[in-house]
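So, here come the structures, one by one.
First chain A sits with chain B, and in the next complex the same chain sits with chain C.
So, the complex of A and B:
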């Protein structure tokens, strides 16, 4: 009988515990609501993975904040991150939006903001930003890149410089002393070493067989932001501040196309257009086959991590590669660089933009942003980041920081895509010798007027 | 008076009415059955071919692109115009793209899809049967290899010395400078890559057609003292005229619309539009661009114009090969 009583006692306790657990679980699920926030990032693995991975770490912190604030919502992240080309990446967002499946947070180049804002696919963030003082840390100038028609549409994620790299070993073969090589970035900054000085040096290297014909000076192999920096160097403008319309300056355009025509036809350069990135371009520049080339700071990490790891990675690169600003077109003019900030945008299909923005605020702080900056050799976006203990460890980031003082941007205009395609086609034709510089300008004027009509101003 | 089919009192009405109903039902069933069998295919074709075709046709008259997607009411005739077609034919690079397409189709067709296919078929049907079969099976490898893997292999083969195998051979022969051959000779590779796949199709059809020729004919020609070439020229080729027409027509249309190998291999480069063919332009305009300004309307116009060209070429082929005569009933059957 005693045994039976003890048994029933255990059962009662077990039942009570069970009921408590079930009740607790039920009450928890009733009180909290789990919200999935979709984050779509483009990142070259492994260097740029922090762009998305930082959100995974931020989730726990945000959920703790929500709990403390008595907010019943909890966040989980669905992260989609790959290295898709920009064109298909944009198509994916636009078509996904059309199907009602746009990601909540979309990381993209700032120049897409105009088109997406016009189409109503992203939301303006001005009012919401005030609730997250972290955003006050972002360098003021970078907000210009995410501002369209007076409103802020995105949070800058990273920035970079696009330096003119040079191969020190090849310059030495050309007879340059260590002191001369070390002085080159300074001469470029002062406007004493111009774009045509660079071509002359390249021509000499080709003539003496130090580099192959075509390898004196390289740009990127396909269309992209870098070319605009050269157009700016020759005095070109892309946007009319008064009307916000795109601008093509024919006088600057003629000099710009003349430069690339000369580079290919006369100075043994520009044998780069059309090359595959992985098959020929990166192996070419990192393999010391090219004297001067335009690249991005983020490529430094790529060369160290992928192409030159066996030779010693960064140590080898510091020994053999140097960098400066993109030289001025004329002696005494200001050199430049171009930064192309990526930005986190919030889709207008996002049901909880406040949570999305809270997550972005978490990843826009010193720790997470520095992790990305160091791993991918992108420049930081935060005020005082250069003083941050872990940021200072990157020599490249410290040595390229001054380039932000000379930086330029792409315009934030919905029609930048067709503008860029037309101006690049003319450049490729001039480099290939199919167009004279004058024909290139005519082609651009004709193409822009046909494609964009009064949306572009021809000067 | 009872009408036929009516039933009187006390009789069971069901059987006759049921019979009539059954008859009607089975007649209906007989009429509908073919459509029921066709329905799945019809639905698939309508959904995934016919409707997209009509949409592409309509889109080709609009300026729908990434910037106005969701804003432009492309289905309204008020937004239709011929501008895209004018743009195609006034495009500065149009002659180059057209020329590339003609070169690509003509050379691949002549040297591989028909030429090489015929040579392989003739050789493999004139040697030991098993050896011929094995040789033909080898030629099928490019076709059954996944296209991305296949192109990666070609990229590796054409790589710079010392990694690229072709360059290694050329180096031994003292030819070339070991450069990346895909950049220096892109057209050679575009044609080789496509031709190696394309040749297998004609090879199979021609081989079976040649093997189907009664041996009596070739034996008779040998008895008459014909050389091998004369046997091929005057006996075999006339008897495989129908597969020749089919392969030439089919492969022309196939090459006109194919671009995936070129896209993966050179993407139309390396220099501006150097290996860009019509179908690739349609794809590029409609679906790719660095800054995402994909022009769906304009790209559709390129695609529609290509369809028209394809139809015209098919009609020309049918006339040249006298298709009507080929499908005529044998005269002996008419007697």
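So, the complex of A and C:
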């Protein structure tokens, strides 16, 4: 009898606990609504994984905020992150949008903003930004990269500088003293060391057999944003602020093509176009075969980890490599750099843009952004980030952040793709000696007018 | 046996061994590389299991889909495609081979024209078809394991692959049906068998080599498919990722590729195809031995 009573008692308690749990769960699901936010990022694994992984950490924090504010919504993340090429990555967004399945948050290069905004696939964020003071921390100049037709369409995610790297050991072989080498970045910043000074030095290195013919100065081996920085250096403009149309300045263009023509034909440089990145370009610059080259800050880690690990990695690089801004074209002019920020955009198919933006605000703060910056050697995007304890850990990032004061951007224009292709084709022909600088300019003018008509202004 | 008679088979063997050895060397390199830190030709500069670590941890980070999920996706897609292609091709080919009906020749020509289209030219029209399928309740989005038959689903990708493979399948199977004697079929029909019964019980057992061949070709085509999954699914790391896309994640334009890891994943990708081939090779070899001409 006693046993029966005990059993009954246990049963009653178990039932009560069960009811409480079920009731609690039911009331919780009734009170809260779980919303899946899809985040699509492009990242080279594992260095750039924080671009997307930061959202997974931010979710918990946002859910705590929502709970505290009495908001019944809770957020979970569906993250798709890979290393897809830009072409298929863009197609995927466009096709996904057509299917009504665009990701809520889409990370992409800022130059795609114009085309996506025109197509109505992304939303302007100006009004909502005011609700998240974190965004006031972002360096003012970076907002230019995500502004199109006077509205802000994206949040800068990272930035980089594209310094002019130089090989200290090769400069020493040319007879430069340690003091002269150390002073070079400063001379570039003051406009005392120009692009043609660089070519003269390169020519001397070739003439004395310190580097092979063609290896005095290298740019990237394929079309890309770096070339636009040189066009800017010669006074070129790419966008008309009044109309938002693309611009090609023939006078600046002529100087720009003259420079690259001279570099290849007279100064023993530019033997880089057409090389494979992994097979020849990276081994060339990191293997001390090139005197000057334009690279990205993000490549520093790749050289240290992949190409120079056996020689001591970063320590070896500090010993042998230096960097400065892209020199001015004329003495006393301002040097420059070019940053190509990626930006988080919010799809117009996103049902809860306020939550998407809240998540972006969380990942745009010092901690998450610094994690990404350090792991991928991209520059931070926040004011005062050089003072942040964990950012200071990286000497490279601290020493290059000043370059953002000199930075330029690609234009946010839907027709930048054909513009960039045509101007690069002319450059490749000038470097190859197939075009004179004048012919290169004519080719660009003809090509732009044929392809873009009145969408481009020729000055 | 004269010297000339002895030389003839020796030369034949030599002609076979030399090209085979070249292919085998390639596989040998793949195998050695997948277990090496670095290689110099066929010489390993250090042995390691690290290249195979993708089997138990994602090399791209913990939030990437596991290789096993990706493999399951690929397997489901390949098997579905193979089954549909074999079933539909054999039924269609039987009708085209044995029955006379209006438009038969035009249909055959049309399938050939369809096969001649490069898949890339049809991507956009197919995209719109998949969008339309996506809107059909349950079929579009709600099929377990396949996800559905619409855009960004394994089933949708399989469906598109089937469409591209069918013309080839129909022609291959028609060739096999054409080679089977009418006598057996006529006997079965006189005995009262239906057309379906004749197809299933008389004809199909006689074209096993054809079924094996088409299965292998279809399976390999689906297993290695790249363009269609790339276009109609979201991301190399999405829920619908397949092996060819996963492998591509190791290769980047601007970062040095870890070829040892690529070799290991490539070898892993090869294993199911080899197993599939081992199970069907006997039937497959019959094709090259002349098949079952004239019926058995």
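Note that the second predicted complex is superposed on the first by the 459 of 459 C-alpha atoms of A that agree within 3 Å, B and C clash if a C-alpha of one lies under 4 Å from a C-alpha of the other, contacts with A are read in each partner's own complex, and residues count from 1 in each chain.
Here, a contact is a pair of C-beta atoms (placed from the backbone, for glycine too) under 8 Å apart; a residue touches a chain by one contact, two chains touch by 3 or more.
Predicted model, so just to flag it, every value in this text is computed and none were measured.
S.K.: Check chain A with both chain B and chain C modelled on it and let me know: fit or clash.
M.R.: clash
S.K.: Looking at the overlay, what does A:256 touch: chain B (first), chain C (second), both, or neither?
M.R.: Neither partner.
S.K.: On the A-aligned overlay, A:80 touches which partner chain: chain B = first, chain C = second, or both, or neither?
M.R.: second
S.K.: Counting only touches as set out at the top, which of chain B and chain C does A:307 meet: first, second, both, neither?
M.R.: second
S.K.: If you count the residues of chain A that each partner touches, which comes out higher, chain B or chain C?
M.R.: Looking at chain A, the partner in contact with more of its residues is B.
S.K.: Using the superposition on chain A described above, determine whether A:223 touches chain B (first), chain C (second), both, or neither.
M.R.: A:223 contacts chain B only, not chain C.
S.K.: Who does A:91 touch here: chain B (first), chain C (second), both, or neither?
M.R.: Both partners.
S.K.: Per the contact definition in the header, classify A:118: touching chain B only (first), chain C only (second), both, or neither.
M.R.: Only chain B is touched by A:118; chain C is not.
S.K.: In the combined picture, which part of chain B sits where chain C already is, 128-136, 146-154 or 200-208?
M.R.: The overlap with chain C comes from chain B residues 128-136.
S.K.: Across the two complexes, what residues of chain A are contacted by chain B and by chain C?
M.R.: Chain A residues touching both partners: 85, 88, 91, 98.
S.K.: Under the touch definition given earlier, write down the residues of chain A that touch chain B in their complex.
M.R.: Touch list, chain A to chain B: 85-91, 94, 97-98, 111-112, 115, 118-121, 222-224, 273-276, 279-280, 414-418, 420-421, 424-425, 428-429, 432, 434, 443, 450.
S.K.: Residue numbers of chain A touching chain C in their complex, please.
M.R.: It comes out as residues 40, 44-46, 49, 52-53, 56, 79-85, 88, 91-92, 95-96, 98-99, 101, 103, 277-278, 282, 302, 306-307.
S.K.: Quick one: in the complex, what on chain C touches chain A?
M.R.: Within the complex, chain C contacts chain A at residues 59-61, 63-64, 127, 130-131, 134, 150-152, 230-232, 234-238, 248-249, 252-257.
S.K.: Flag every residue of chain B that touches chain A in the complex, lowest number first.
M.R.: Those in contact with chain A are residues 66-71, 87, 92-93, 155, 159-160, 180, 182-183, 266, 269-272, 274, 287-295.
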